[in-house]
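What follows is a set of structures to go through.
Common to both upcoming complexes is chain A, partnered first by chain B, then by chain C.
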Partner chain A sequence: MVTTCVAGLFVGAILAIQINLQLKDFGAQSFLGGLSTSTTIRNLGPVLIAFLLAGRVGAFSSAELGTMAITDQLNAIRCLGLNPLSVIIMPRLVALTISSFLLLVLGLGLTVFGGIIISSVSLKVNPLQFISHIPQFVSGVSIFIGVLKSFLFGIIIGTISCFVGYQTTGGAEEVGKAVRRTAVVTLVSIIVTDFLVSFVVESISQLLMG
Partner chain B sequence: MLELKAISKTFGNRAVLRSVSLTLNRGQICFVLGRSGVGKSVLLKTIVGLIPQDSGEVWIQSEKTDPQNEEQMVSVRQKCGLVFQMPALLDSLTLQENLEFGLKPEKLARLGKYLDWVQLSRERLSRYPAEVSFGTQKKASVVRTLLREPQFILFDEPTTGLDPVSRQVTNQMIRNVVKESHSGCIVVSHDVQSAIELASTIILLDQGQVIFQGTPESFCSSEQPLARAFCNGMVLLDH
Partner chain C sequence: MREWNQLEYPALLFCSSFVGFVSSLTRREIRGREIIKQIYECAVMSIPVISFSLGIVSLMSVLEFSWHMRVVLRQDALVPAFSLVLTIREVAPVVTAMLLASRVGASIAAEIGVMKITEQLDQLKLLAVSEVDYLLVPRWLGCLVANVALTLISIGIAGVVTIFIGARWMGYQPGEFYNSLLLFTTGYDLAGALVKSLCFGTLIPFVSAGYGLRCALGSQGVGEAATQAVARSSLLIIIIDLFINSLWWMP
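This part shows the complex of A and B:
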């Protein structure tokens, strides 16, 4: 939670600073609120926060399940006549997906505040002016895309960390490798999914508009 | 009856089990002895389908098991419990929660009896595995299996890492299991003395093969060199 809040605030602030640099050259700083919020919600916000969650939640879950696998805890569950997939993995997968999604949405909300704070404190943009331009650039579709990506990233983080952790065999070294594999596969999957969603939504928009 | 027919298992180029057969009736105790790495633990995991055999058959109560059929194996594992060499308790649960995990509430009625058998006090059940000793974890792991009341119990080195008193408690617990629950037990161990005290049958494995199978009396008088070495080791330890 703390990680997500801090990340959300700073991601919003960073993007506001970067976009302000471009807008300043054209004297269009009044559009800062709309443009930075739109970019944050649609693209970079979900991706950057998902990266942090993948590192924190995904790696933790993968290491925990990997340790359970190599210390025979999962086998012990099997030997009690239970299926670890249904009693350990599925509940964890659902919980991870839902919590990652909620944290991502919270983080996205905080990116807007991060943008407002840095704009008013450092960039000398009136907070009211910042907020007033948001509806011009941030449509319902933008919010939907941000939320959809958050949902998909939540599924990716939950699924990959559980799957890779569950498949771990061997010793402590293999747990380390499982965590590394989780991090790499999750990050690449997030980037690819981000691209695919953006591409598909853009294509649909083009079709509808013209 | 639990019956293994010519079980073989190879890992890479290494044959761990070579045509191992044994029969165990309920109420009997079979000790499987052998040096480290000869496939004793693999044999137990093969019986409950955690490691599928390459060839051979496992029959439990006249039903042939199929390690690839996970649904059937769930039912097999309810009949045939395995106590692991390491306690394998869930770290995130207390000992009490570990014992109750996935257990029908009515089966908890016998908890007190089983705790007495392994001499584990109720006060310790509120602790997490990391907060208690290895011996206590091992006792909790045994109770977890006993609560399921399987028809056969497979013990993987139950006395390893235990002090002599706890070893005697464990041996008495195995006697109780057989006497009161009328379960059949396979005990993988290096502990020859316990084998001679408890076993109905002793099996000696070497390089994946059964090189001796018989009663404790015939084991002690066997001319088989490894059997003699095991018995002499016990005599040396006794002195």
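This part shows the complex of A and C:
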């Protein structure tokens, strides 16, 4: 929670600074608010926050499940005649997906504040000017993309960390490897999903607008 | 003795490794083989993941930017160069460092943590081998070299992908692209990216080693140390990135 909030604020601030640099060349600084908010919500915000969340949540749950797997706790559940998939994995999967999704949306909201704060404090852009350009660029579609990406990233973080942890065999060494594999696989699939969503939405919007 | 907190401890490790490195330079006792092994572990093994990810990321940023520029400026002629500038300044250093933090940082914390709980660190102490010289300096140099090299590689890959997309989908000549790139980027931007990669390459090993050296006993402790190492170093990467941005590119 704290991680996400801090990350959200900082991501918003970083992107505001960078986009300000680029817009300065065109003398189009007044567009800053709309552009940086739009880029953050559509694209980089969900990715960077999901990276942090994957490092934290994903590593934690895959380590926990991996430890349960190698200490035969999952086998003990099987001995009791229960299916570990439904008893252990499903609740975690659902909980991780929902909580990652909510945290990502919260972080996205905070990126806007990060942008506003940094641009009024150090970039000398009036906060009102910043806010007034937001509706011009950020349409419902952009917000929908941001939320859709957050939802997909939530599913990715939950699923991958649960199943990599679940499939751990061997000793303590293997748990470490499982954690690392979770992190790498999650990050790569987040990036690929992000690209696919952007690409599909872009194609659809081009089709619709002709 | 006073407990060091989560930020002071990596800083302490950094200072002592720096002193250790300089003194081993003066004594000419560089453990070259170990350093090369660490560079191999950090850099060469991460190349596939990082080049794949950066390729996709730069593809994506071209697509997104062309959408934005069509809204704002009603044209997207400068888009490939424009998005490459953002990639060089911002995305390539940060994404590379985050991937490296989750790959290398976790393994440094886990490795040192396992060494601690199996009392190998105590044996080093018995042999009067400094853990800073033996463990930290090679990892630091390895991670530093790896991060700088990988950042350069990822900038190169981003450039190639962007030129390809610009030529293939948007119908620009590569030469046109090159001209507009020179218009926007200066050596100063590239130097900024290098400064970022130097800072991140130093930050990752010390934060991770700090968690590894202080991990709690038991395999639970090792897992916790690896998790904390990844989470904390990614967060610190973003925070430090903001500071470098505001110091380097603000007049």
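To be clear about the criterion, the second predicted complex is superposed on the first by the 210 of 210 C-alpha atoms of A that agree within 3 Å, B and C clash if a C-alpha of one lies under 4 Å from a C-alpha of the other, contacts with A are read in each partner's own complex, and residues count from 1 in each chain.
Here is the rule we go by: contacts are C-beta pairs under 8 Å (C-beta built on N, C-alpha and C of every residue); 3 or more make two chains touch, one makes a residue touch a chain.
This is a predicted model, so every value here is computed, not measured.
In the superposition on chain A, A:52 makes contact with chain C only, while chain B stays out of contact range.
Once the two complexes are laid over each other on the shared chain, residue contacts for A:82 go to chain B alone; chain C is not touched. Contacts of A:155 after superposition on the shared chain: neither chain B nor chain C is touched.
By the touch criterion defined above, A:73 lies against chain B but remains apart from chain C after alignment on the C-alpha atoms of chain A.
By the touch criterion defined above, A:93 lies against neither chain B nor chain C after alignment on the C-alpha atoms of chain A.
In the superposed model, A:191 makes contact with chain C only, not with chain B.
Contacts of A:63 after superposition on the shared chain: chain C is touched, whereas chain B is not. After superposition on the shared chain, chain A has more residues touched by C, the comparison being chain B against chain C.
Once the two complexes are overlaid on the shared chain, A:7 sits against chain C while remaining clear of chain B. Comparing the two interfaces of chain A, the one with chain B and the one with chain C have residues 67 in common.
Across the complex, chain B is touched by residues 67-68, 71-73, 75-83, 87 of chain A.
The residues of chain C lying in touch with chain A in their complex are 49, 52-53, 56-57, 59-61, 63-64, 67-68, 71-73, 82, 85-86, 89-91, 94-95, 98-99, 101-103, 106-107, 110, 114, 184, 219-220, 222-224, 226-227, 230-231, 234-235, 238-239, 241-242, 245-246, 249-250. Residue ranges on chain A touching chain C, taken from their complex, read 3, 6-7, 10-11, 13-15, 17-19, 21-22, 25-26, 28, 31, 35, 38-39, 42-44, 47-48, 51-52, 54-56, 59-60, 63-64, 66-67, 118, 122, 137, 172-173, 175-176, 179-180, 183-184, 187-188, 191-192, 194-195, 198-199, 202.
Chain contact summary for the complex, chain B toward chain A: residues 45, 48, 50, 70, 73-75, 77-78, 81-82, 84, 86, 88-91, 101-103, 141, 144-145, 148.
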